[in-house]
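Take a look at the structure set out below.
Letters A, B, C, D, E and F mark the chains as written, and numbering starts fresh at 1 in each.
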Amino acid sequence: MSELTHLDEQGRTRMVDVGEKAPTHRRAVAAATLVVGEAIARAVREGKTPKGNVFEAARLAGIAAAKRTWELIPLCHQLPLDWVQVDFALEADRIHIRAEAKAFAKTGVEMEALTAATVAGLTLYDMLKALGKGMVLENLGLLEKEGGKSGLWRREESHAG
Amino acid sequence: MSELTHLDEQGRTRMVDVGEKAPTHRRAVAAATLVVGEAIARAVREGKTPKGNVFEAARLAGIAAAKRTWELIPLCHQLPLDWVQVDFALEADRIHIRAEAKAFAKTGVEMEALTAATVAGLTLYDMLKALGKGMVLENLGLLEKEGGKSGLWRREESHAG
Amino acid sequence: MSELTHLDEQGRTRMVDVGEKAPTHRRAVAAATLVVGEAIARAVREGKTPKGNVFEAARLAGIAAAKRTWELIPLCHQLPLDWVQVDFALEADRIHIRAEAKAFAKTGVEMEALTAATVAGLTLYDMLKALGKGMVLENLGLLEKEGGKSGLWRREESHAG
Amino acid sequence: MSELTHLDEQGRTRMVDVGEKAPTHRRAVAAATLVVGEAIARAVREGKTPKGNVFEAARLAGIAAAKRTWELIPLCHQLPLDWVQVDFALEADRIHIRAEAKAFAKTGVEMEALTAATVAGLTLYDMLKALGKGMVLENLGLLEKEGGKSGLWRREESHAG
Amino acid sequence: MSELTHLDEQGRTRMVDVGEKAPTHRRAVAAATLVVGEAIARAVREGKTPKGNVFEAARLAGIAAAKRTWELIPLCHQLPLDWVQVDFALEADRIHIRAEAKAFAKTGVEMEALTAATVAGLTLYDMLKALGKGMVLENLGLLEKEGGKSGLWRREESHAG
Amino acid sequence: MSELTHLDEQGRTRMVDVGEKAPTHRRAVAAATLVVGEAIARAVREGKTPKGNVFEAARLAGIAAAKRTWELIPLCHQLPLDWVQVDFALEADRIHIRAEAKAFAKTGVEMEALTAATVAGLTLYDMLKALGKGMVLENLGLLEKEGGKSGLWRREESHAG
């Protein structure tokens, strides 16, 4: 079929071929902030949330989602993650989310860390939405990335503070 | 086993029982903004993106993810979605994402709309990350929600710019 | 965001909105033929296949896949299937596959029947490929469709023979 | 294809056709006991478990698995669950697991309750296996079933005590 | 975010980091017994089961579930299984289930073998429950485990008999 | 349990044990043709298709399905794909589909390439079925296979033409 003219050549989506790449140790850290307002933050602090322990549910959902990144993001490769962790820090009116992923793989784990942070944030939203629907997830992005040819990358300004 | 003391009663996560609720028409709109910077926005406008058509991939990923919300968010119910749509608007340095979901269901579709917007945003990130890793997803939240007892809800300020 | 010009309006993929449709009884029948050649057909008939009972594996894979059609086909709705069946008929050099699906739903079950027939065919291929890689799946299509506004549809010629 | 002789008729697996059944309120309760021994039970009581809070992880895993029962059990129908709950009771050398599921559906939710109890038990095993691999899950079965034609069913003896 | 106090430190669930571990050949065997009673055992022996061949369905369901262990058990790593097998032995009033899994991996395959045995057992239950709902799964546990630092482990008493 | 007679030995399905195999570079190419008729082919060429850009949706669906082959085909191993590509060529009355998959793995990627081609074809069907239900997928088969002990295999005749 190589002789056929490809009508759809222009702009077609394509997966990166990692066949010639050697696996290296990969690490990525992503973060996001769920702005919940003071009333909801207080309810979280006092454990008065209608669906129970929000942090454990969000953490487990984030870890599970990281393992399924390749199912969610169309052109991601299937990566065998060595480790995923999701942590939270509660401030007066917001919850900071930090997710870290590691793998020995041919391609980076940015999307895995970002997916973990995001789904953890959505789960917090779901667990808290009976208390108020105006919560907003801000500043979801990559903080660090390590491994592969490009070496260490760090976001310059501190967005996660 | 009803006579057993539940060691884990305190704070345990719990699903909302919707057994007594009647289904109604539900609708929800969510939005987010991926801040990509001017150089990447220009590449998108000119179709010079390394993995191909970013909007179609992100749209399809968002729709697919909305249908799988119940797999990602631990306490979400399985909802049969009637419709999901994901749209994009490109500005000088950012891409706005808008996702809408509808269902005839016993519970709202906020999480489905939010999941569609989020996974669309992550897919854009994945399609563009070879051009720069500093992109940040901002202002992910609910814009509108309709159906069920609580009727119509709209976010007051315009976050979606 | 309704005031934004949608850069991607042209040609964008879109799900059919079934919100206003009422569910009706739906039924669809799909068929395909796996041309395996006489030697492989004989091995099947004599139960000398290297991975065991090919029909049970293919049948179960087809049923399981039908239930997951909405995960595989991007714009398909999630349908609660009432019934799926997959049957086989062995001829001298080929295996006929017939799949039927039923649901009480707002949209048809063609894709579910087609998915069942296809994945059943791929599973047969997988179970038999150690005996020869030149097998070809032919004539995969819809035979009948019932329910909804359009009523009964039947393929005119007999493709399944 | 109805005229073809079905080689595989004998013993072939088949899904129950629920097309003519009307949905009713369904409920099922399942239970199991993980025999862990006194040392592990003590570690659980004192919160000294190497992977963290075992009950929240097991509960969420059980709820998530119940929603995916139709993916795991080949001939199960896709049921929209109204509610799933998983509870635990710790005794001197064992953990009792109780799972309850509800749906408004054409078929019962026994498998959903059993799947929730089972996967909760496997998750406990996974969270505790660094402390000893000899744990055994006992007495996994249905306690109650309600709804549909057959009405209320209760297991006679108390296995869950 | 490393400077933030982690509100949720205490008891939080955590995945084991296998980044520094080298893969070795892993093997695990799990077993369980489904007590079905004499009448159901006789129906199985005579092939008079309402949903067809129970062993093939249960075997395939067990194999498929083993491959999805990491989706079901929150803190399990994604393991590329080299082999999974599920076998059955029918006695006068019970069905013994034995599942074996192998992988070349950084962590053991106990959970994969246990998941295969369990889902095989649940599938048997589902295929037979029209004949009686009082069936109970007993003695689900690990029989053997091989590979990794800890070497060979065998359950002392014979629980599977 | 090794002493038990295996009632189900005869014909039971079995996975190939790849534990002793070393990974090699694997490649496979599959193809299929969707016969759509001239009217539908014209609508595709002119971009007048009711659900939008059929090629991008079908391509992404095919890539996503290839990554999930092990979930669909019961006895397939989980393979970490290095690359998947799906291409289309439109003729007067038909659409040719070509899918290629690559992996560094212990077993071949035929099923992954075939699954990509098939699900791409089913997605085209779904996107076009409002224009006519008589479309038929023909000539789905393997074109090439490379890697592993058996080396290069090529289908003799040109079926994809």
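Just so it is clear, contacts are C-beta pairs under 8 Å (C-beta built on N, C-alpha and C of every residue); 3 or more make two chains touch, one makes a residue touch a chain.
If you're wondering where the values come from, they're calculated on a predicted model, not measured in any experiment.
J.: Which chains are in contact with both subunit D and subunit F?
T.: A, B, C, E
J.: Going by C-alpha centroids, which chain is farthest from subunit A? Tell me that one.
T.: C
J.: So what angle, to the nearest 5 degrees, turns subunit B so that its CA atoms land on those of subunit E?
T.: Superposing the C-alpha atoms of subunit B on subunit E needs a rotation of 180 degrees.
J.: Taking each chain's centre as the mean of its C-alpha atoms, which one ends up farthest from the centre of subunit D?
T.: For subunit D, the chain whose C-alpha mean is farthest off is F.
J.: For subunit A and subunit F, what's the span in angstrom between their mean Cα positions?
T.: Roughly 30 Å separates the two chain centres.
J.: How big is the gap, in whole Å, between where the Cα atoms of subunit A centre and where those of subunit C centre?
T.: Roughly 35 Å, centre to centre.
J.: Using mean CA coordinates as chain centres, what's the subunit D-subunit E distance in Å?
T.: Those two chain centres are 14 Å apart.
J.: When you check subunit F against every other chain, which residues touch at least two of them?
T.: In subunit F, 12-16, 53, 56-57, 60-61, 64, 68, 71, 74-75, 78, 80 touch at least two other chains.
J.: How is the touch graph of the chains shaped: line, ring, star, complete or other?
T.: Topology of the interface graph: other, matching no listed pattern.
J.: State which pairs of chains touch, listing all of them.
T.: A-B, A-D, A-E, A-F, B-C, B-D, B-F, C-D, C-E, C-F, D-E, E-F
J.: Could you pull out which subunit F residues touch subunit C in their complex?
T.: Spelled out, the residues of subunit F in touch with subunit C are 11-16, 32, 47, 51-53, 56-57, 60-61, 64-65, 68, 71-76, 110-111, 114-115, 118-119, 121-123, 125-127, 129, 133-142, 145, 153, 155-156, 159.
J.: Can you tell me which positions in subunit F touch subunit A when the two form their complex?
T.: Touch residues, subunit F against subunit A: 25, 31, 45, 55-56, 59-60, 63-64, 67-68, 78, 80-85, 87-90, 96, 98, 102, 104, 143, 160-161.
J.: Along subunit F, where are the residues that touch subunit B in the complex?
T.: Touch list, subunit F to subunit B: 53, 56-57, 60-61, 64.
J.: Contact residues on subunit B for subunit D in the complex?
T.: 1, 4-8, 12-19, 70-71, 74-75, 77-80, 106
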